[in-house]
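Have a look at these structures, which come just after this line.
Both complexes below contain chain A, partnered by chain B and then by chain C.
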Partner chain A sequence: MKKFTMLLSIVLVLMLTLSLAACGAEKAVEDKPAAKPESTEGFKEIEVSDESGYPKAADLPKHKIGVLYWGYTDLLGSQIKKNLDYLGKEFNCEMVYADGGMAIEGYVTATENLIQNGAEGIISIFALPGMIEACEKAGVYLVQGLNETSDEDTLTLMKNSKYFVGMFTENDYECGYTMVEDLYNKGCRNITYMSPTPGMAANHDNRVRGIEDALKDYPDMQLLSNYRGEAQVEALQNFAAVYPEMDGLIVTGGTQGGTESIYQTIQSEGLSGKVKFATIDIGEGTAERLESGDLAWIAGGQYPTTGIAFSALYNALVGTPVIEDCTKTVYRPFMSIQSPEEFEQYIKYVDGDIPPYTGDEVKALIKKFNPDASLDLYEQYGKAYGIQDVVERHKDLF
Partner chain B sequence: MSNIGIQQKVGVRQNLLQDASKRNKLNGILPFAGLLLVILFFTIVTGGSILDAQNLNNLLHQSFTVVIVAVGAVFVYSHGGMDMSLGALQGITQLGAAWVITSSILPPGLAIPASILIGMLVGTITGGVHVLMGVPAFVASLCVRYICSGITYTVTSKQDIYIPYTEFTQYNSGVIKALVLIVVLAAGYIIFEYTRFGKNLKAIGGNITVAKQSGIATKLNIVLAYAIIGGLVGLTGFFTLTRVGMINASSGQGLELNILTAIVLGGFPLTGGSASRLHSAIIGALTVTVLTNGLTLWGIDPYIIGGIKGLLFILIVGVTYDRSKGKLVL
Partner chain C sequence: MAKFMNTLLRTLKTIILPIIVYLAFSILSKGRFGQPAGMLTIARQSIMPIMVALAITCNMTIGMWDFSAGAVVYTAAIVGGNLALMTGTGIPGLIVILILIAVTLNTITGLLYNLFKVPSIVLTIGLMMVYEMIPTLLFKGGVLISGKMTHLALPPYCFIVFAVMFIIFYVVFNYTPFGHNVRALGSNQAIAANVGLNPATIKLVSFIFGGVFLGMAAVMDLSTKGMIRPPATMGSVSMIFDAMMGIFIAFFLQKYCNLAIGVVVGTFTMKMLNSGLVSMGLSTTVRDITTGLFLLILLCISANQGKFTEWRNNKEKARLANEKFTQANA
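Presenting the complex of A and B:
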């Protein structure tokens, strides 16, 4: 009887899991488009126009690409997956996803497993020496997206590798600097900032360096306090209690629900209307906070960078590499949003049915399809990137 | 009491002993069977890819840390202890090794002993706080974990620490790792199963009061157990560093949970005692590694992998849990 009960409970757990998965796959038709960012649905398939001259997915050879990020359930992670799934379809590539787990060594393990799974190329947030060597031994291409490496020995390893493609990331330092500058221009003179534990994420550390340098350049702006850690809600509560003069707050990102928690705390601590908030990573409640004026500046739209990294990897895979110096990071800007109108456009054009770069636009970066594809073109894409750029390119697609 | 009554009682006792013996044999076989089933399953679904030479080499590298630390964990869990500091401890042993490697004063060869010594020292502190201050092992190791994490966070706060990776690739050879594994497994097996120290730990796990009354230096044995696991964590810290090539604040994180999972999956009794067997922890460690490797080779999405592992965990623990004693049995 006991065994029967146990088996029954296991079957029930399985049924519940499967039914939840099925619910998740259903289309949420009632969600209002401007209420919150949506990233669980796939992008619309866009027909390759005859004028473009680019091959259709079915005419392309099949490739298997591994993807290695911290996870795919938070907003940014799900956007990355959604975009790469879309490009996989456009380029006839099977996308295989893995995560690195809690510790950095998990990324080496995941790389080995992806290689064993038949991946011909890997897009990853990290390019650790152990990963570069594993890819080199297996003859698998590796590209770093949304992060960069600055260690000299690792850069030498990359340079000597036949299979390391390059690094593509947002300019985190510049973003940190801009947040301070923006708050300064909006009249803030007493600010605080919060960021994850130092050493946990290089991109956040770079943003902090940008903040610190900007503060040196604006000496009449006072840093009341800062917090480096994960208990940011509690830290903000403390700031609110100790520094009544606080008029500006910077958080270097909160992709796993962090931004929403900060919005709530601003409201619950009575900081609404007193403190201007600047941050990265768009989450729920952004529209309302931009409307109320609490949110002065927010940046997002970084997930297409993984698509750009995909194109560089594809170029290498088909034998037409375009990045000559793989140790030189190709920087791309964050997409900054400062008004409810811009946010509405963001929801429609960046987080809507069509990705910021369509299959054709990514195919234009592939030298095999477009002989003019070069590093310059990659840089042009980066320089132009912003809300207005996407609106301009895609206004006829909606 | 009549002869019939005595015969009935003896009969009942014999039946109970036979049942217990059968149950122990079954529970001893189940973890092995579980591992074989997992391997068989993934051999089928991956078309044999899990057993090809390259992947066996991957499995050697991927199981190296968890198997070696599981050997150390046997000494801690057999006396009813627990160590929640393993991940953070591995982080600072890596830090120590990296410091020696990048130092211009010390020869890089000292990185291995330095890493082991740091591990043993911290392990001794954990054990010492537990037995001398009477702090439960869970709390003592949690405190040590915070201290170790704090050190790693502070040191890596400015930037990630890299080592000259190409100078240490020889330590990533499968042959060296296989040799180290054999030595650690053999030494662990002999010490745990055949020495007084190993038997003392099982006695402490069985009943600490009786162990004390039998003249066992319980405090010394417990501290030694934590020093051993610390030393082994240090050893894996060095090899992890040379495998990855860098350290950041996340280095080592989650190791204690992997070990706890391995211990439970292998059917090792969490309360310790005479039923503790080294091979249980090793089987559990291999099962954890093969599961993670196999699910990725199968092409399962990472967020589903966690759910599947959780379900299998429930299934295996549900089957091997001995409710009559209120503990996991072998």
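Presenting the complex of A and C:
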């Protein structure tokens, strides 16, 4: 026992020493740093022009807005937070973030907590019946962003709710279809795809529908296998073991580090140079993968959609709702990136210091500030959205 | 000659399950499954679950469940990975730091187990949730390594790691007093205690020893995935299922082979089963159902091994009694 206690003490002392050394040491030069500390630095302050006529933040009444998303530590999550923090400042709103996690079971509780916390409106990736009911009961507005709902019963609840504002998301079906089309055009004929468990997220299900429909339109492209679940790294390892002819891989989303894990698994399974990868959600290492050619197609730039959802919520809050039928989703396009050059542009104009929609551009969607604001204007914003659109609108700001 | 035949027979009995799985899927998938390159990939992918399985083998032999093992792997990988990056110590740093963290966490588990004297299943489920929160508190963004630091996941390094760790386990489990004590405690705790063994110390050392393998499992997991994010609540538990099933197969096989070899054979069989189902082109749902059924059958057989033997013995006794009765009547 004495010997054991001594051994244990040595282990604990070593542990402490190493931890202290680690905290004080210089950063390694050779190896990459830990996941880029997701940019929480915020966007550059953009001066409000007097010509716009929109009120300044200080002149607006204070509101408290709750945000409910998977999490805010990965790239997309941190972009969402950065954008909403910026809009919070522009609109004099206090943003309260709740981490919903990957399991939808906790979203109702998180909604109730946000309501208890004084939120007057909530932007959420899910709109579950329990959430709609809780918001209805508390008189809190709810908007769904970056996702939509297709369940008939929930849609009926939404329709009958005074406080459900609407749904804003990317055209996921089209995106799924495009991924197959792009891989086909790049010569892939034997592909696999992976997506979360069916029914977990409507946006992923819609992407899968797009993939399946595109495969019907390209009969000479073979779907070797697919996987619907969360253990995607293990699934890819299995594909690598039994499908040596696999030349294309589609993953319908990679938030919470999924994209980075797939990049690494492609490398560790020896698929680099053999398999072209198409996915959604930009992650760390995207530039390198585009450069190497492993990554054929990636979609991103969706985070401003939460800002657009915020504007619809704000419209409802100030008594000027613009969405008449809250069960009809307002679709917006993804930004697709296929080359290092496009990615460079994306980093500069979409993920840089200037938000893709400035405060004034979002204020233009508020009917109280702009009487011309309408669903049409929302749709115009959506149709025009793309890297070139951002470059064009913000050329004077760079 | 008889000894050789006996060894051969035992070896055959040991590898019969993986051979059946291999042949079944090779035939059902019309040759897609079972190609040498594919089998090598499966072997490589088995290394990480084998590490986890070896880590909890001693505990399970003694009759202790360890549901916190997956959380220890996550915590070691995320916290240790970040520390290794900060110190710039490369792969050696990665190995040392991750093992130290895993050993520390497992030591805490062992100490608490002895202190609270609550069933291991209850304690480790509680600690699993605590350990899962550590990376969220310290490194919310997880860990991302790349380049040279991931080389341990690639052949031949991954096989070297496996060989070294397996030898360590084999020697410790079979040729040291600790291994002997674990087996004695696993056979009958009361007798072991009566002959002077200290169950509390053995259990604590068992957790510490397991920590070394969990640390190495974390190294292999991080090297393979490159990026690991903090798990959701109880999200780490799935990591230990393949390992646990491997151990159940090993318990089943230990009549014919050494437990350490059984663990490797069992875990490899589970990996083959997963890949085999993929090769048959089954949907995810059917694959999950099939895996579940396979495990259920396996568990039923494993849990009732004694009953099968008893039934066979009773049958034999009845046969002998009948023979005697027939002879007496004749």
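Note that the second predicted complex is superposed on the first by the 356 of 398 C-alpha atoms of A that agree within 3 Å, B and C clash if a C-alpha of one lies under 4 Å from a C-alpha of the other, contacts with A are read in each partner's own complex, and residues count from 1 in each chain.
The rule is short, and it goes like this: contacts are C-beta pairs under 8 Å (C-beta built on N, C-alpha and C of every residue); 3 or more make two chains touch, one makes a residue touch a chain.
Model, not experiment: these values are computed from the prediction.
Looking at the shared chain after the overlay, A:Glu112 reaches chain B, while chain C stays out of its contact range.
Contact with both chain B and chain C is seen for A:Thr73 once the two complexes are overlaid on the shared chain.
In the superposed model, A:Ala384 lies in contact with neither chain B nor chain C. Of the two partner chains, chain C is the only one that A:Tyr227 touches; chain B does not reach it. With both structures placed on the common chain, the touch criterion links A:Gln267 to chain C but leaves chain B unconnected.
After overlaying the two complexes on the shared chain, residue contacts for A:Gly101 are found with chain B and with chain C alike. More residues of chain A lie in contact with C than with the other chain of the pair chain B and chain C.
Of the two partner chains placed around the shared chain by superposition, chain B is the only one that A:Glu133 touches, whereas chain C remains out of contact.
Contact with chain C, but none with chain B, is seen for A:Phe239 once the two complexes are overlaid on the shared chain.
On chain A, the patch touched by chain B and the patch touched by chain C overlap at residues 14, 73, 101-103, 228. Residues 49, 54-55, 58, 61-62, 65, 87, 152-160, 162-166, 169, 172, 240, 243-255, 292-293, 296-297, 299, 301-303, 307, 311, 314-315, 318 of chain B are the ones that touch chain A when the two sit in their complex.
Contact residues of chain A toward chain B in the complex are 6, 10, 13-14, 17, 71-73, 96-99, 101-110, 112-114, 116-117, 128-130, 133, 150-151, 153-154, 157, 197-200, 202, 205, 228. The residues of chain A lying in touch with chain C in their complex are 1, 4, 8, 11-12, 14-15, 18-19, 21-23, 25-38, 73-74, 101-103, 224-229, 231, 233-235, 237-244, 256-257, 260-261, 263-265, 267-269, 283-285. The touching residues of chain C, counted against chain A in their complex, run 29, 32-33, 35, 37-39, 41-42, 45, 81-90, 96-97, 100-101, 103-104, 107, 139-150, 153-154, 198, 201, 204-205, 208, 223-229, 232-233, 235, 238, 274-276, 278-279, 281, 283-285, 288.
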